[in-house]
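Have a look at these structures, which come just after this line.
What follows is chain A paired twice: with chain B in the first complex and chain C in the second.
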Partner chain A sequence: MEMRRVSGWFTLKGKSINSIAYSFHRLTGMVLLLYLIAHLSFLTSLRIGEETYTAFISTTVRPETLPLDSLLFLATFYHAFNGLRVVLNEFGLLYEVRKALIYVMTLLALIFWLYSTYMMYVFVTGW
Partner chain B sequence: MEREVLFRIRRFDGEKEYWQDFRFTARKGMTVLEGLYFIKESLDGSLAFRASCRMGVCGSCAVKVNGKPRLACETQIFDVGDVLEIEPLDNMPVLKDLVVDMDGFFRKHEAVKPYLIRKDDDYKNPKELLQTPKELHAYYDFSLCIKCGACYSACPASATRSDYLGPAAITAAYRFCMDSRDEGKEERLGLVSGSDGVWRCHFNAECSEVCPKSVEPAKAMQKMRLMSAIHMIKSIFR
Partner chain C sequence: MSESHTRKVLEPFGWVFQMITGLLLFAFVIFHLYITHLTSHDALEYAKVVERLSNPAIKAFYWLFLASASFHAFNGLRAVLLDTDFGARNEKAVNALTMLLFLIAVVYGGLLLLAF
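The block that comes next holds the complex of A and B.
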């Protein structure tokens, strides 16, 4: 694999909405991979001791990091709904309306993201 | 109607790559290919590009115009704008200026056996192979491919894996698998079911967007994928 060509995943000049959805899917996939590594690292710190784990958690789980949590949810919902669209299309379903499906799935991801952000805000602030 | 346009062409002389600007007056209806011929004949005779039929049939003149692979002979300059960035196709080695080496592209096409395979081939006593209109329509759209390489250039999977067969070759395989006269479906499925075949596609679907003949390679790919899955499951029980 040539790294030069991987940059093509994120080149949008002259591309259609399909490629934009594809680029975002790759991007959010990388974000989720980084989150998974961080998440597993945090859990692994339990082997060192509860204090280490608590110290790690206290740096990230707090009201100031709420926007980052919200963005993580956005990446998760986009990746999930767009992934569902790709699965449907790859089974040969709804191929003819593939562009409309991109808009529908993105809209669903945005609705779920806004609702989850609202719920997180209520949970953290208490109202 | 006439107006000045700018052709920014990505050139390659065998050693270095560079952009060169050409300004000239284009007239209404003038195609990108006519613009390239004008540059070659009047401004810079060293410009290299590939073209033949000038009517969207041979598929020789595919280039990237403002980032999108298109047939230069079918693209009118004024439909694109006043500034046109013209580049060679992606995913194929550039030989000179806009001319790419399509050898690998055609080797992949050849690899899927894009011809009728029959057990009763007898060239000394040829016989007519009948087909109903319904049987013809099952593959007709996919037989319109002119092998211009536009889909292959737009495909991100072809960009990252040089051994990937690509959308054009797999569409050709699907076209012959769906032909009622063909008897080589199992053989062909074996060729496209590997990691360099249908499973490498990530459904970017840009191939269908750029196809100048509306062949829908992405659709053929997904149908071939389903066919391949059934073939692989069947092969377990054989």
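The block that comes next holds the complex of A and C.
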């Protein structure tokens, strides 16, 4: 498979801020697709029974996996806020400040990321 | 490249539904995180999960969530694959494969929901 065009996502030099946002949107989208497949597979344990489900949960929901949860939140909120920006632009909303909107949405994603990581920390440590 | 390129690749059905499901997912993900992590510390215990999934309203929500997330994910994958030279040469196969994966995800997750 020729991946020439896809490899362009990873090139940052000379790119506009809009193109960089587009590349990150695709990269985070691929991460979330893989997570969706893993999540649906993981939930099969619910059908197997309580013992299997509890074993899965005790393996994946613990302080040691917090960094992975945090990265997942970062991908989720970046993709969500950048996607919201794309929809707003599509309907011409805030189009005159579209460049500033990229920074605002990225900032909102970072705020949600920090808050969700903190809440996950509270959740897994049982505070 | 920018999102205008994706719009062109997915036009018209795929792009419109990508935006609709994207907006739905924005709210769905936050609600999902809220009920699984913020309501109580034992929200992920087996009994609590089964109790939630036995509620018809929650079950309906999760079915809609599953359908939206699966469509958005595999339609997004379709856009990515169509961007490769391979995808551009095999457009029909890419469309069929990604929509098949979407259907498999919905049926697989739907059967899981029906179990409760």
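Throughout what follows, the second predicted complex is superposed on the first by the 123 of 127 C-alpha atoms of A that agree within 3 Å, B and C clash if a C-alpha of one lies under 4 Å from a C-alpha of the other, contacts with A are read in each partner's own complex, and residues count from 1 in each chain.
Methods note: a contact is a pair of C-beta atoms (placed from the backbone, for glycine too) under 8 Å apart; a residue touches a chain by one contact, two chains touch by 3 or more.
These numbers were taken from a predicted model, which means no experiment stands behind them.
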item	value
Fit or clash between chain C and chain B when superposed on chain A	clash
Chain touching more of chain A, residue-wise (chain B, chain C)	C
Which superposed partner A:63 touches (first chain B, second chain C, both, neither)	neither
Touched partner set for A:92, first chain B, second chain C, both or neither	first
First, second, both or neither for A:22, with chain B first and chain C second	both
Touching partner for A:13 - first (chain B), second (chain C), both, neither	first
Superposition clash, chain B versus chain C, among 153-161, 171-179 or 207-215	153-161
Shared contact residues on chain A - chain B and chain C	1-2, 5-6, 8, 18-19, 22, 86, 89-90
Complex contact set, residues of chain A against chain C	1-6, 8, 18-19, 22, 25-26, 29-30, 32-33, 36-37, 40, 43-44, 46-47, 50, 53-54, 57, 61, 76, 80, 83-84, 86-87, 89-90, 116, 119-120, 123, 126
Chain A-touching residues of chain B, taken from the complex the two chains share	64-68, 90-91, 154, 156, 159-161, 202-206, 209, 218-219, 222-223, 225-226
Residues on chain A engaged by chain B in the complex (per definition of touch)	1-2, 5-6, 8-9, 11, 13-16, 18-19, 22, 86, 89-92, 95, 98
Residue numbers on chain C that touch chain A, as the complex places them	1-3, 7, 19, 22-23, 25-26, 29, 33, 37-38, 41, 44-47, 49-50, 53, 69-70, 73-74, 76-77, 80, 83-86, 105, 108-109, 112, 115-116
